[in-house]
Amino acid sequence: MSQPLNIAVVGLGRMGVRHVKTLLYRVPHAKVVAVCSIMDHELKWANENEEYKTFGITVYKSYDEMLNHPGLQAVWVSTSTDVHASQSLAAIAKNLHVLCEKPLSTDMAEAQSVVDAAKQKPHLKVMAGFSRRFDASYRDAATKILDNKAIGEPFMVRSNTCDLRDETGFFVRYAARNGGIFVDCAIHDIDLSLWYLGNPLPKACWAAGTLQHHPELKELNDVDNAVGVVEFWGGKIAYFYCSRTQAHGHDVCTEITGKTGKVMVNVIPKANNVVIADKLGMRHEVQPEYWQRFEDAFALEANEFTDSVINDKPVPLPMEGGLMVMHIGRALQHALLSGEVVKFNEKGERL
Amino acid sequence: MSQPLNIAVVGLGRMGVRHVKTLLYRVPHAKVVAVCSIMDHELKWANENEEYKTFGITVYKSYDEMLNHPGLQAVWVSTSTDVHASQSLAAIAKNLHVLCEKPLSTDMAEAQSVVDAAKQKPHLKVMAGFSRRFDASYRDAATKILDNKAIGEPFMVRSNTCDLRDETGFFVRYAARNGGIFVDCAIHDIDLSLWYLGNPLPKACWAAGTLQHHPELKELNDVDNAVGVVEFWGGKIAYFYCSRTQAHGHDVCTEITGKTGKVMVNVIPKANNVVIADKLGMRHEVQPEYWQRFEDAFALEANEFTDSVINDKPVPLPMEGGLMVMHIGRALQHALLSGEVVKFNEKGERL
Amino acid sequence: MSQPLNIAVVGLGRMGVRHVKTLLYRVPHAKVVAVCSIMDHELKWANENEEYKTFGITVYKSYDEMLNHPGLQAVWVSTSTDVHASQSLAAIAKNLHVLCEKPLSTDMAEAQSVVDAAKQKPHLKVMAGFSRRFDASYRDAATKILDNKAIGEPFMVRSNTCDLRDETGFFVRYAARNGGIFVDCAIHDIDLSLWYLGNPLPKACWAAGTLQHHPELKELNDVDNAVGVVEFWGGKIAYFYCSRTQAHGHDVCTEITGKTGKVMVNVIPKANNVVIADKLGMRHEVQPEYWQRFEDAFALEANEFTDSVINDKPVPLPMEGGLMVMHIGRALQHALLSGEVVKFNEKGERL
Amino acid sequence: MSQPLNIAVVGLGRMGVRHVKTLLYRVPHAKVVAVCSIMDHELKWANENEEYKTFGITVYKSYDEMLNHPGLQAVWVSTSTDVHASQSLAAIAKNLHVLCEKPLSTDMAEAQSVVDAAKQKPHLKVMAGFSRRFDASYRDAATKILDNKAIGEPFMVRSNTCDLRDETGFFVRYAARNGGIFVDCAIHDIDLSLWYLGNPLPKACWAAGTLQHHPELKELNDVDNAVGVVEFWGGKIAYFYCSRTQAHGHDVCTEITGKTGKVMVNVIPKANNVVIADKLGMRHEVQPEYWQRFEDAFALEANEFTDSVINDKPVPLPMEGGLMVMHIGRALQHALLSGEVVKFNEKGERL
């Protein structure tokens, strides 16, 4: 067997910890050699973690030190959005492969700088972490639409990212650094729209939002529920609903309408195959959060990234793909805050 | 417009009252001229009913007197099972058309006597009331299976009749006269099986039951939940689950499996098109009873019966069809009580 | 029984003919005494219709003559949108009750004139025909949301009106007079949004559309698929998708999100309770058009209108309710064509 | 990290090969050291398999030799049913832990001998492979029913194992050694029934079957579609439908009815979250076989077995549990072939 990929995870928040687990248990060709966090409670937790010890994982407080870990080949950047770009750049500078969680940055120029840096080192695998691209259902939809032409020319996408209401305060604390609801939350929906619609260029967009449960977001120029519409050149349209406040669970669905049919992904979300019938009628439960929905997708993503490095294949999702996604996400956020339509020229550049 | 059909309804229980409503409001070619009941509280209710007065309906205490109502042409027998046959015979004797609720009788000889009497008066329309035969979904299933051969040769039927638990005691009071769970409750399922399987003859059957909520049924030689299997000559099988004790509503479904596919009718029952999502997940309500599920079917049945009389067409469901249904229902009930397999010869006669 | 309501239907297109049927067979307290059309083929058809003869229906070519039909009490206006207002006004002038199909007019002033005329004759029942308000599922949703507070304060509505693609050319011929996709098609969705959100006032709206199957609509300043968003004062939002080109059937759904839950109406449309399983998987059919979906609603609407006249009750849907609906529909259509946001002041007046 | 468990897999048919994959990629604490097959084509395939080479797996033709593989600790028996027992016994004799695919044997005495041998070596982990017990949905159902009492006392189980029709001939070739449809196919359904109903003892059973696609099964005393009913002492009932001939996929569902509700597992099987809407209506695909449905369950099973060995915990499913399951399966098969009811005394022993 070829040598496993020596990989480190930076960021030990909710998702970073899960990524470590995925790498340990579901990615046979990867080996977690180091983790890093600047948060004291995360460091304490990691240093006391028996599993990390038995797997021989070194815990770093300094990201720069971690980058010098002997034999390190790749970094999974799973920190908050505001440091995604700088940490990716630092890893690239050290000739390390990078899998960076979306979005690259909330600043377009900074995001571009990562893409540029990656282009200058074509031997490095640098990949944007759009996990839904690795989900079996979204892939099946892509096969049906793009390969099998099952719905004719697709022209309309509806896509929702609706999260269970977070009563813990975690989400609001995190919100200050996430770039706003359309950058943090709709970014997957925008990415899916571009995928299924064949990468059209934006023509105009508008958005409206409301604050229902987290009035403190107002100071952060954000909302907790928002609707946005993107019109593309060529008669294509995508529209999104993002919510932080669902009562029933993680409700993420996408519908793609084409000239001869429609593909629906997860329009009725279900936690598992169980239905209970009692005095209230018939009901099923819904996944509480995206982890339960996309756990397998994260595993596949990690395996495909590992495979691209070990076997020197192209990464499944090149970094630059994320630039247009963010470009649109930021325009929607601007429309939301200004109340005005954001327009783009025929090259997709904002006017 | 041709003259409407003068019809009377005997039996003013829950269903009789509904049949009157159906005839008044949804059967434009029928005119309810009389109703009859021997129950004091039903009579009192009918005599005080303003609607009946405005529609000019005469209320009778005596069935024989009602049969002599001037101009009466047809009778809808909606009493308890034990008098279905005698009332049908009396109506036939008076040269009246008859729509008789299922089952004709719990006694085979008595049921046969009604069929014989009807045959001797071929100008009369005498029809068994198997309401599911008039339901849009069951008819669509029949079209798909029998006309379109959508599933190839059908060979297996699963059919359930599961009622909402009746906490009022109504059901148990009625149970003494209904012939047992397989005669009263599974009879529709047996009828549907014969329809979809092409009227096969029974070869053997067995059943098992249990008492969960109505122990008082034991004295009546009955159970409140039962499963039965009928094997037909020619390699066809039907199996049934009947229940009186469902918590969630009226749950009646049928699945027909054929060589190249399966048709499912109402496997997930829904009261309407509404789903509610909240902390419990996603749920829909279920119809509380068969009226909500089959109201349209009863209206169609009444219209088709009326049409068969006015325009002298064959009745959609001849009386004799009900004989084999009851024959099988009684055999299942016997198997349930004896614990033994009931066997039939190649003519479908019990051995 | 009180005397039935003498009613006439003007317009014998697809819907007018159905309304006559509904009145004949499902509205026991109404009597169709006359119909009217100016279309030769409709007149010919009506004059030769045996059923109309047996029910004694007089066929008129002149609407004015029909209004003078002896004993006429009410008119159901089921013509094309461009004459709804003038025909309603003429009926009101003759002291006739009016049930007018939506929308009253594509011109706000004209629509207002009908409302004004109706107000001056408070003894007349003048009603806007928003049929979905009479649908069992939408009513159940209203009960859950408005009466039972099942989802807390509602703040977001998604509502779709997506029609099966019409290959016959009927739709395009009709389109010239219907006011555009947001006036003709989204008007029900707007009405439902106002209902469930508690009649909020519009603050801003935007829309985008595309032509996929009917390029000839371009000359009519219309599209065949469109998305629109309405932001209301008070933090409420509604968004709509209208389509004339669905492959699978009539797909009309509404989702209402509130602070503690979500109600979904018809998110998975089904023609009936039948599912077929074969080599393609499991599938169900979808209603081909709104008639199959809303036939019962039209019957209830006709019965409630009849009841309001006969028993002098308020109409279930007063005419003026339709004004705000059309106001918003026209603003969305304007946004669609101009590409600009339409804004409203705090009284809901367009700026 | 503690040392991984050295495990070997015997049998390299469709499932054996999958078990090796599961152990390699999804069971971090297990290490596949050897595989074994007596089939030439399987051996050839294994000897040429690059992956097996890189993971250092030794391929054996002799099971006895494999049992002597240095350091071997456990064996996963994944051969045909007729050698399950003898191979398990041989492994136990060598002091190896055993995970044996269901059923232990088609012969009760032989099955008992394995249980006895295991009891004499309590330090060995010997486990029956009832994979559904490790499925997330079945476990959730168990939690709801047994722990949360969500449906009150359960008394009725319906359970189906319906396989996609196998056009390749594989199934029929295998059938000669599998003990018949109720032993090979319903055994999971019987096991689930015992689990959810609290291990009741059988009182009587009956079955009926038919041959629809594989007439050659007649010589093997088997059928390709069968229905069976088991009545238990204490008023509990389970009924099963097994099929080898479904057109639409692997359709495996279970419904458990209790005094106050019903739990349904996988009543509408779905391959993934994708629905396609087109001229045929709305449809979803169904898993082609149990691997797609239960892949995660097999991984969990392998992990829990590994954990029980490494950490010396009780196995999640003791061997003896399978004895009653097979006892009932064989009785159903007897009823199927004889046409007679099989009865049991109050200890569950066949009369």
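Order of writing sets the chain letters: A, B, C and D. Residues in each chain are counted from 1.
What we mean here is this: a residue touches a chain if its C-beta (ideal position, glycine included) is under 8 Å from a C-beta of that chain, and two chains touch if they have at least 3 such contacts.
Given the structure is predicted, the values throughout are model-derived calculations rather than measurements.
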item	value
Farthest chain (mean CA position) relative to subunit C	D
C-D against A-D, pair bridged by the larger set of C-beta contacts	A-D
Whole-Å gap between the CA centroids of subunit A and subunit D	38
Separation of subunit C from subunit D, taking each centre as the mean of its C-alpha atoms, in whole Å	57
Interface hub residues of subunit A, defined as touching at least two other chains	151, 246-248, 260-262, 267-269, 271, 277-279, 282
Contacting residues of subunit A [partner subunit B, same complex]	246-249, 251, 268-271, 277-286
Residue ranges of subunit C in contact with subunit A within the complex	151, 153, 155-156, 158, 204, 206-213, 225, 227-229, 231, 235-237, 239, 241, 243, 245-248, 257, 259-262, 267-268, 339-341, 343
Residues of subunit A that touch subunit D when the two form their complex	1-2, 24-26, 28, 54-56, 136-137, 140-141, 144, 150-151, 260-267, 269, 271-279, 282
